[in-house]
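So, here come the structures, one by one.
Paired with chain B in one complex and with chain C in the other, chain A is shared by the two complexes that follow.
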Partner chain A sequence: MNELRQLAKELLGNGTVKVIIGYSEGTTPERAKPFIARTEEDAGKLIFNKYCVNNLAVYLTRKEFKRKGTIGIVAKGCDVKAIVQLIQENQVIKDDVYIIGMNCGGVVSGFGVDDTAVKCNNCKVKTPHLYHTLLGAPVETPAKDDGHLKLIQKLDAMTAEEKWSFWEAEFEKCVKCYACRQACPLCYCEKCIADKSMPRWIESSAHTRGNFAWNIIRAFHLSGRCVGCGECERACPAEIPLSLINRKMGMVAKKEFDYSAGMALDAPTLVGNYDTADREDFIK
Partner chain B sequence: MEEKTFEPKITAFVCNWCTYTGADLAGTSRLKYKPNIKMIRVPCTGRIDPVFIIKAFEKGADGVLISGCHPGDCHYNTGNYHARRRWVLFTELLNYIGIDSSRLFFSWVSASEGKKFVDVVTEVTETVRKKGPFIQYHKINKEFVLDE
Partner chain C sequence: MHEKTFRKACADSGLNPFLCEIANLREHCSWVHEDIVEGTKKAIDLVRIAVERVKRNVPLSPIQVPVTKKALVIGGGISGIQASLDIANAGFDVVLVEKQPSIGGHMSQLSETFPTLDCSQCILTPRMVEVYQHPRIKLLTYSEVENVEGFIGNFKVTIRKKARSIDESKCTGCGLCVQKCPIKKKAYNEFEEGLAFRPAVYVPFPQAVPNIPVIDRTVCTYYQTGKCQMCVKVCGREAIKFDQEDTLITEDIGAIVVATGYKLYTIDKKPDAQEIKGYGEYGYGKYKDVVDGLQFERIASASGPTSGEILRPSDNSVPKKIVFIQCVGSRDESKGFSYCSKICCMYTAKHAMLYKHKVHDGEAYVFYMDIRAGGKGYDEFVRRAIEEDNVKYIRGRVSRIYEENGKYIVKGEDTIAGMPVVIDADMVVLATAITAQPDAVKLAQTVGMSYDKYGFYNEVHPKLRPVEVSTAGVFLAGACQAPKDIPESVAMASAAASKSLVLFGSDLLEREPTVAKVNESICAGCFYCQKVCAYNAIERKEIKDRQGNVVKVIASVNSGLCQGCGTCNAVCPSKSVELVGFNDEQIYAQINALG
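Take a look at the complex of A and B:
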């Protein structure tokens, strides 16, 4: 933690970055919160531990940060994936961000709990794949069961009707708070399709029909883009297992197009590009 | 009123340059096809946002047909290539959610393929007729109306 504060102080002091987006202690120690360090003094408040769950890349696309110039960001491996995807999509300029990569041994699944998040079980970016400075020692964690994968396989084996009733029960709970959208670093549209009212594409009331439309479209807009940081699911007050959809779509992108989101800076984005050899056996 | 036979409602999103013109050719050639299809003309298959398909189901469609220019023939050069990639992802997503993607049909029909258009429409209509109404979606649609 000291090396993080030391580095932050240096970076802010010599003007390499204008602000550093990081974490500070919240109301209780297990509630780390996002924190913007503006001065060298602020740097002393930065922390990093397993309670730092938020994906801070969500702030990078905000206008108030963009106009500040170079932004420092404290990022775990999964956050770095989001940053890379944002750079790939030209939403963040590569030279405008200074990544303080953190070696991470997994974070908790939410506030007030102590179990490691499912996304961390088989994490391949415990040491971030892109950074300007890497801090902390690499953490070895025992391999655990991939909880999501089993559930996805179970769902895949169901009939269409069974799947429908499973998701109907889940989507019924949606209250259309759009927390999933707000927490997602890749949902950066200034005007979301859900907010468009002429015509109203996605019904705004929290009714199953509109909930289906919203959740399907949200998942589709993230297919081949979702980096699996799990923020949507953590933010969801209705506890809808959004990771199951996002992960599945990631698997489809991998299987069909051999594409993994947020892994390579210079890789062309999946849906923004095409290949003349793409599959078309389903088209008559 | 009791319905004796089920007449499927099918929404078709067709591209202006190929399939719509192909349908026009079917008309001028006096070819007959099923009237179950409601056509919506869009500039290009690349214009078809998947939200259109969801909206069609919300409005009571039992099947959706999407048709445009053959690969390489796009009026805007690459619209259908981009669309094709999206459909791969979208059909997988629908299958996963439990919306049987066999109610969703894709085809390439060029402006000269009036006959192919007739065949596609006939096949789509018969397939959906066999599958029956899209009960699950109709159910949540009905609930929605009652809530209002």
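Take a look at the complex of A and C:
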């Protein structure tokens, strides 16, 4: 913690960064909250621990920070993946971000709880793959049973009708608060298609049809792009298992194109990249 | 097809032509459905959605773009030469790009040509010189097209001029360097089809245009060890430039003629990219006296390695018995290509005839599948080979060739007599299939042409638009489209030239106004549209505030390049880019019209 505060103080002091997006203590110690450090004094409030669940990359595309000089950001491996994807998609200029990479042993699944998030069970980026400064000691945690995978396999085994009724029951809960969208670092459109009214592709009322339309469009827009930070699911007040959809799409991208989002800055994005060697046999 | 007619009718009656909408009941309904009742329902739906769409159409006017009146011809064989001369003689500039150090192509290698038996070089070389001297033709040999951007009338072409290691402005073509080069037997002579060697510094053939040598860096001693420099010593013009580098030339081009020709199917090796089983049993590559058609052309050519005498490559003896095998690779799906190479029947008859004219007491056998001699004077030519020159034609295939006591035992079948045939030949000539150039696919992707599974370029319409490709402003000539003989290639080249001239006949091109347009206020600048755009029509545009700071970078459509395909619209997550005259509201209304 001290090295983070020290580094933040230096970076803010010598003007390397304009602000640092990080975490500070919330109302209770188990509730870390996003915090923007603007002064050397602010740097002393920065913290990092397993309660720092938020993916702060979501702030990088905000008007307040975009193209406003170099921004420092405290980032776990999964957050770095989002930053990489944002750079690939021209949303963040590589030189405009200073990544304070944090070795991470996993975070909790939500505010005020103490269990490790499912996404951390099989994390491949406990040590971030891109950073300007790396802090903390590498953490070795035993690989755990991947809860999502089992559920996905179960869903895969279902008939189309069974799948439909499974998701119908889940999406019925959706109130279209769009918290999933707001929490997602990769949902950065200036005007979301869900907010368009001419034509209105997605019905705004909480009706099954509109709920399906929203969630399917969201899934499609994130396929090959989702980095699996799990923020959408954590933000969802209706507890819809959105990670299952994202994870499944990611698995397809991996299987069909050997592609993992947010891993390499110079990799072409999955969508929009055409390669004559691409497999075509799944087109029937 | 008929949209034009109805749009014109609208325009004639004073209505904006783009307010016209067609419910395509013929192709989309009546021709494809057998169930009349259901088909009628669908027809009603199609009309309904067309009505919803037309309600939301807006008047549009065509986009006008200028035409660069300069043609690029890729390939300097007879097709490329003909196309270049036709365009240049009409008064327009031509850039002719040839991969090899000299123009001339395969025709320059041929001995005599069917069906008249006139000397190939004698009729070709004057054309080559005409190209070289033409004030409107810019000749770039030893060069390759690297990149093509833009669209009809406005291509921007990048050409890589490979380093010859010779200063072209100084070289007089005296040939001293070629004579004195000590590397004599390291490199096969490509022009002689590997039947002779050439020095490291060489001119492909004596009549080469331009008559400027090239240094083959892979065999030149200087490039291997840093020593020698014999050519430098003998060159009185200081034209040898060992440190010369490739140069990139960009040209603004209006029309492109692709005339890259063919390659003979090499049967000793299985090409990596193709599922070819090959004809290993014929011993090509293993037996020196089993040669292919082009090698025999060189052997029969007065300028060839044997000065026109028919001699065996192995021991320079005169073959007394020679066997020609047709359709090696052609018309054979299991071992080669399913298509007919078209010219082999004729050139084999010519080969046999040339052999008989030179070796009077020799015996010539031809194994054939069918004789395909469609063309003016062609069948008469084959009859002449059989009747006057006594060439023995055997209908059937050869199963195997092997060596025994200095003879090549050709085992085949005479399907007319219904019996096996064994010939102890001194020499065998294989009429191997004509294939696409090995880098045909790469060029297709550079220029934007579609190609068939063999790598031959596709014309837009096999009957009515045989020289155009699907990219407007690009035309085909010669054997790059399909196997072809000289007269056909020349005719096609003139056709491609005339298509280019049609284009050059107008100063402005009108383009459809139905192109993509970006809603600048909501574009987030993810540039997925740029990645998927097949026409490079998406550009980056900086939005600045009043102080001149870049606030955001967004996509912008170059309406000159945009073809209105709508892929950008499909991939845009926020639908910030839409097609004019085909926008989301129209599509939404159309869907809703289906109830």
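The definition used in the following text is that the second predicted complex is superposed on the first by the 274 of 284 C-alpha atoms of A that agree within 3 Å, B and C clash if a C-alpha of one lies under 4 Å from a C-alpha of the other, contacts with A are read in each partner's own complex, and residues count from 1 in each chain.
Criterion: contacts are C-beta pairs under 8 Å (C-beta built on N, C-alpha and C of every residue); 3 or more make two chains touch, one makes a residue touch a chain.
If you're wondering where the values come from, they're calculated on a predicted model, not measured in any experiment.
After superposition on chain A, the partners chain B and chain C collide with one another. After overlaying the two complexes on the shared chain, residue contacts for A:219 are found with chain B alone; chain C is out of touch.
By the touch criterion defined above, A:252 reaches chain B but does not reach chain C.
After overlaying the two complexes on the shared chain, residue contacts for A:201 are found with chain B and with chain C alike. In the superposed pair of complexes, A:192 makes contact with chain C only, with no contact to chain B. Using the contact criterion defined above for the overlaid structures, shared-chain residue A:269 touches chain C, although it does not reach chain B. Touch criterion met: A:155 reaches chain B, while chain C stays clear of it.
In the superposition on chain A, A:59 makes contact with neither chain B nor chain C. In the superposed pair of complexes, A:23 makes contact with neither chain B nor chain C. Here chain B and chain C are compared by how many residues of chain A each touches, and B touches more.
The clashing stretch of chain B relative to chain C, chosen from 4-12, 22-30 or 130-138, is 22-30 in the chain A superposition. When the two complexes are laid over each other on chain A, chain A has residues 193, 201, 271, 273-274, 276 in contact with both chain B and chain C. Those residues of chain C whose C-beta lies close enough to touch chain A in the complex are 445, 521-528, 530-532, 549-553, 571, 573-576, 584-585, 587-589.
Those residues of chain A whose C-beta lies close enough to touch chain B in the complex are 155-156, 158, 160-168, 193, 201-203, 205, 207-210, 212-213, 215-217, 219-220, 223-224, 245, 248-249, 252-253, 256-257, 270-271, 273-276, 278-280, 282-284. Listed in rising order, the residues of chain B touching chain A in the complex are 49-51, 54-55, 58, 71-72, 78, 81-82, 84-100, 105-108, 120, 123, 136, 140-141, 143-144, 147. Taken together, the chain A residues at the contact with chain C in this complex read 66-67, 89-91, 188-193, 196, 198-199, 201, 221, 268-269, 271-274, 276.
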